[in-house]
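One structure is given here, and the rest of the page talks about it.
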Amino acid sequence: MNQSELMIALSELAVATEHEIQMEESPYGIDKKKLGMWIFIVSDACTFGAFLFAYGYMRIGAPVWGTPFGFSSIMNGMVMTAVLLSSSLTMLAAVRAAQSGTKALAEKWLAVTMILGAVFAALHLREWFKLFGEGWRLFYNPTGGAQQFGATFFSVTGLHLTHVVSGIIALAFITRGYNQGHYDESHVETAGLYWHFVDLVWMFVFPLMYLMNAR
Amino acid sequence: MAQTSVRAVAHHAPPQGFVRKYIFSVDHKVIGIQYLTLSLVAAFVGMALSWAMRVHLAWPDVRIPLLGWLSPAGAPGGVMTPEYYLSLMTMHGTIMAFFVLTAAPFAGFGNFMLPIHVGAADMAFPRLNMSSFWVTFVGFLLACATFFIPDGPPLSGWTAYAPLSAVGPVAGPGQGWGQNLWGLSIAMFCIASLLGALNFIVTTLDLRTKGLKLSRLPLATWGWFIDAWVSLLAFAVLLPTCLLLVLDRLGGTSFFIPGGLVFNDQLQPHSGGSPLLFQHLFWFFGHPEVYIIILPAFGIVSHIMPTFIRKPLVGGWKVITFSEIAVGTLSFVVWGHHMFVSGMSPYMAMVFSVPTLFITIPSIIAVLVWVFSLYGANIRFATPLLYSLGFISLFISGGIGGFFLAQPSTDSYLHATSFVVGHFHFTMGLSAIFATFAGFYYWFPKMFGRMMNEKLGKLHFWITFVGVYCIFMTMQLTGFAGAVRRYSALVDDFMIPLIPANRFMTVAALLTGAAQFIFLYNAIWSRFKGRKAPDNPWGATTLEWDTTSPPPFDNFGGRQLTVYHGPMEYDGEASVMQTSPEASVAGT
Amino acid sequence: MVGKVFAVVVILITLVTAYCVIAHVWWMPVDISVHGPKIDHQIEETMLAAGVLFVAGQIVLAAFVFLYGGARNKLRQIPGGAKPLVIFAFVIVGAEVLALSAIGSKAWGAVYFEAPDPGSIHIDVQAGQFAYYFRYPGPDGTFGALHPELINEGTSNFFGLDTDHDPDAKDDIVTAELAIPVNKPILLTLHSKDVGHSFDVRELRVQQDFVPGLVIPIHFTATQTGRYEIVCTQLCGLGHYNMKAYLSVLSQADYDEWLKKQAAMQ
Amino acid sequence: MSSNRELTMSSYVGLGVGLMLIVGLEVILTYQHLATRTLLFSLLCLASLEGFVAIMYLMHVKYERRILFWTVFPATLFVLIFLCYFFPDAFRMASMRLLK
């Protein structure tokens, strides 16, 4: 048997079993999924950054901007913030429960997190439809100010909403896998990281898109 | 402080069935070859487009075979219309910059080699890796589809400057669905690149085998690792740019379209957008993109050279790597040099000019390292080394053009001339292509288990090397006469005297392009009929040469690898494998 | 053998390139502007600095490849290792680029940091797919307001002037050719009707893009009479290659005559 | 930074309330009729504070190795800071507009 045949035979043996290999330790000392999520967050933060800078640019350049949000919208935003923030805390509770091995509790908290996420999305859509009802469009400003308000508001919050909705779907997926034992607490923790990031983005979107546009 | 951790590694089983094995494969080696194949197809498409453009510029009335069939409207009878010329130019730039130059040296070789270089069985996220490729593939299909839709391919250039690209069909031909598909195609490419970069970073950091400290990483891996960071941040900004452009086109928004625009005496409904915002967003990505293309080339050349000069690079891994890091970092603060005469604030021109000039320092350090490593060497002139030497020469020739384009005062004359076109073809186009060829000839035995034909390889090198100088040095120098780029015909009084030079370039381009078929023949013939490759045909030291050619499914057959040395243990005929516990011969 | 051929090819390419540059096979046309000599000087300085690096780089590369092919040589390292290379790059190239940017900023500043001469002749320029139009303010020295909705190519209302109601617009002179008097400071305000265009006169050493939605000022003084091409250098659509106008630099008397004739034709 | 004493769940709830209070402060500031620039600056400062707390505690960076902090922050801030190079042109857009 020559060397290459031997290696092929060895490799087939290797894949059949799980075996231990010594590796360099990751400089971060964290799970590779978690590191991957962090890297994703860095790039996604830049994407949101570019959207928000485009908004800032439009706004500086506009002679008249107009500030459409009344107090009720701001209150709605406050409630949305509270909902999203609580969902971050419930997510945290889910991760802790998963880490301490109380699977049922973790699943319960994950469910609460998803429900809070859905409530956030519902409140958000209500805000959108209210604006549609007032005549706002991506390309139209019924108050006669800069038409960029609709474009920037709907695109920035739309991107955020996409993140929330895909977060809910991802959480549902992970909860199911966790329940069936395909996934473990590290998956829950990684999903949690993403969820907190969505919350983090909202902490900038709310003041910049809502409060800066309060009447 | 060698920290190691024992980890249980669960291998995914080798796939069964044709589809799992060769099409939707999660094996990084298959994905790497898929990327390279995609790039090869894209490169020949891009080259065919450039042939058609060059022939049209030199002999505007010549009927170009097949073109009339491809687009009866764009090239009636094979003689192209001005708008079809611009479409070909746009698609040449898009296909070459994204699907060839970004995909081949980074995603192609990186996918195949990076996990092997670090001693891993696969990428950190194999399924993510597979989806990166297939998203790229769909992006490429969308780009190619523009040739076959009634609206025709876009004609706004690969930079797609708004508002020409944003207002829609009123701006003339090529502004219909072709431009929409272009935006979607590039957005998909962004997503694929982001996921790919993420995978590269995590693999390099987390999957290194025992003893492979960062200081012992092969230099190609350093190139891909740094490049992954640059792509991660740059494509993150191109993605929203494409989305906003598509939103302007399909959603009626006005991010990039100001008020008061009139087409065919019709006032457009847009108002308040800024074309300069598009340029800023695009070039914020666009300039790092140039380095995304060239950094893997730096890495590949630095990886290949020590094998064939039989000594380590001057300054070891540190000098070349730190210059790559410096280049990658500075690449984010220089984008404004594309916009000196674009109506940007003239004070910002100075802010961008100084770092642009300073980026020459790390670039020159890299060139000096390569050149002075040749001093006192035992050079073996295999084809991969010839291509590396060609890379150095081309990079010098293009690099010096940077001095002119980095300064607003000189750029205000040379901007948008063929000087720029020659400059970027040298520095990023050809340099990256030469490094890709070097990598291809170098790694082909490992990828397919067969050697490539050296004679054909050298023939291919000589024709290509001399040919590209004839094309692009002429192009660069005619820029001093003010030859404007992106013109579909030479009709201005000062352009007419340049027709002979253009004919010369066209003939050189046809010959150089024809030489690429030698390469194609060599690759296909060698794949099936080439001499069987030994495990380590070049006498190299890095991990990919420490396994069979081609490597088994999990790369090393489940062996425990321990790395004892850096990647450049060469001393003339003597060399020490990274995994060999023997004493160092090069003292690195 | 291969190495020696490579060295010879690289040297030949370097020599041919150097010849083309030194013999000015393709070179800039003679400058006709006041600020131009600064730019020309900067291009020559840069050519010197970059050219020396280019020739030196290619020759050293060729020499090493020529000398060290094959396995016969005793391996040697460059004395001092990477340190002298890094120092060279930082000190010599660093000084060079600092010098270039210091001198170059003056050439740039002469065009863009100085306010236009208050006595400049102000001409309004509009670019559209695929033509330039120029507007002189007429005897009242004031331009009429622009109304894009009134633009009508059929009635030759290229700028969208409201000649019925706007007294400032009545005497505006609109032409398809740019005529300027020699040795007089000129102020152009560039604006675009549709997409991005550019105003490039090689002899004037002026290239400036039109930005849709903005008015971009540019000023210069021409020193020689003659007729020069204004070309578009910013991709603007299918007619891009054919988008041009002429710049006539006239003596003061010819200019006054020309302007009178144009006014009569309105 | 790296310490293993994680907060208890009730402290996290306290943290959440604290963050909500900052949001409340932002809303109050909004209705103080500040100049747009001052309002923007103070809102951004408060949001950054919130974001910092979220990253350090909710996203756990405080309890990871220091190197994670030094990877994530510089990379992101690098891009966000240099995107600010756009703004001189935004002001140019306001002052050099074709149609007033």
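Observations
Just so it is clear, A, B, C and D label the chains in written order, and each chain counts residues from 1 on its own.
Definition applied: a residue touches a chain if its C-beta (ideal position, glycine included) is under 8 Å from a C-beta of that chain, and two chains touch if they have at least 3 such contacts.
Bear in mind that the values here come from a model prediction, so they are computed numbers and not experimental data.
The chain pair with the larger count of C-beta pairs in contact, out of A-B and C-D, is A-B. Here the CA centre of subunit A is 32 Å from the CA centre of subunit B.
Computed from the mean C-alpha positions, the centre of subunit C lies at a distance of 43 Å from the centre of subunit D.
Separating the CA-averaged centres of subunit B and subunit D is a span of 36 Å. Centre-to-centre spacing of subunit A and subunit C amounts to 47 Å, using the average Cα coordinate of each chain.
For subunit D, residues that reach two or more other chains under the stated contact definition are 75, 79, 83, 86, 89-90, 92-93, 97-99.
Each of the following residues of subunit C touches two or more other chains: 146, 148, 213-214, 216. For subunit B, the set of residues that touch two or more other chains comprises 232-233, 236-237, 258-260, 273-274, 276-277, 284, 347. Pairs of chains meeting the touch criterion: A-B, A-D, B-C, B-D, C-D.
Per the touch definition, subunit A reaches subunit D in the complex via residues 27-30, 38, 41-42, 45-46, 49-50, 53, 56-58, 60-63, 74, 78, 81-82, 85-86, 88-89, 92-93, 96, 193, 196-197, 199-200, 203-204, 206-208, 211-212, 214. In the complex of the two chains, the subunit B residues touching subunit C come out as 81-83, 86, 155-157, 161, 163-164, 167, 171-174, 257-263, 265, 267, 273-276, 309-311, 314-316, 319, 341-343, 346-347, 349-350, 353-354, 357-358, 360-362, 364-365, 367-369, 371-381, 386, 389, 392-393, 396-397, 400-401, 403-404, 407-410, 412-413, 415-417, 458, 462, 465-466, 469, 473, 477-489, 491-494, 498, 501, 571-573. Residue ranges of subunit C in contact with subunit D, taken from their complex: 146, 148, 191, 213-216. Subunit C makes touch with subunit B in their complex at residues 2-3, 6, 9-10, 13, 16-17, 20-21, 25-29, 38-39, 42-43, 46-47, 49-51, 53-54, 57-58, 60-61, 64-65, 68-78, 81-82, 85-86, 88-90, 93-94, 97-98, 100-101, 104-105, 107-108, 111-113, 128-129, 146, 148-149, 151-154, 160, 193-196, 198, 200, 202, 205-214, 216, 229, 231, 233-242, 244. The part of subunit A that touches subunit B in the complex is made up of residues 3-4, 7-8, 10-16, 18-28, 32, 35-36, 39-40, 42-44, 46-47, 50-51, 54, 57-58, 61-62, 137-139, 146-148, 150-151, 155.
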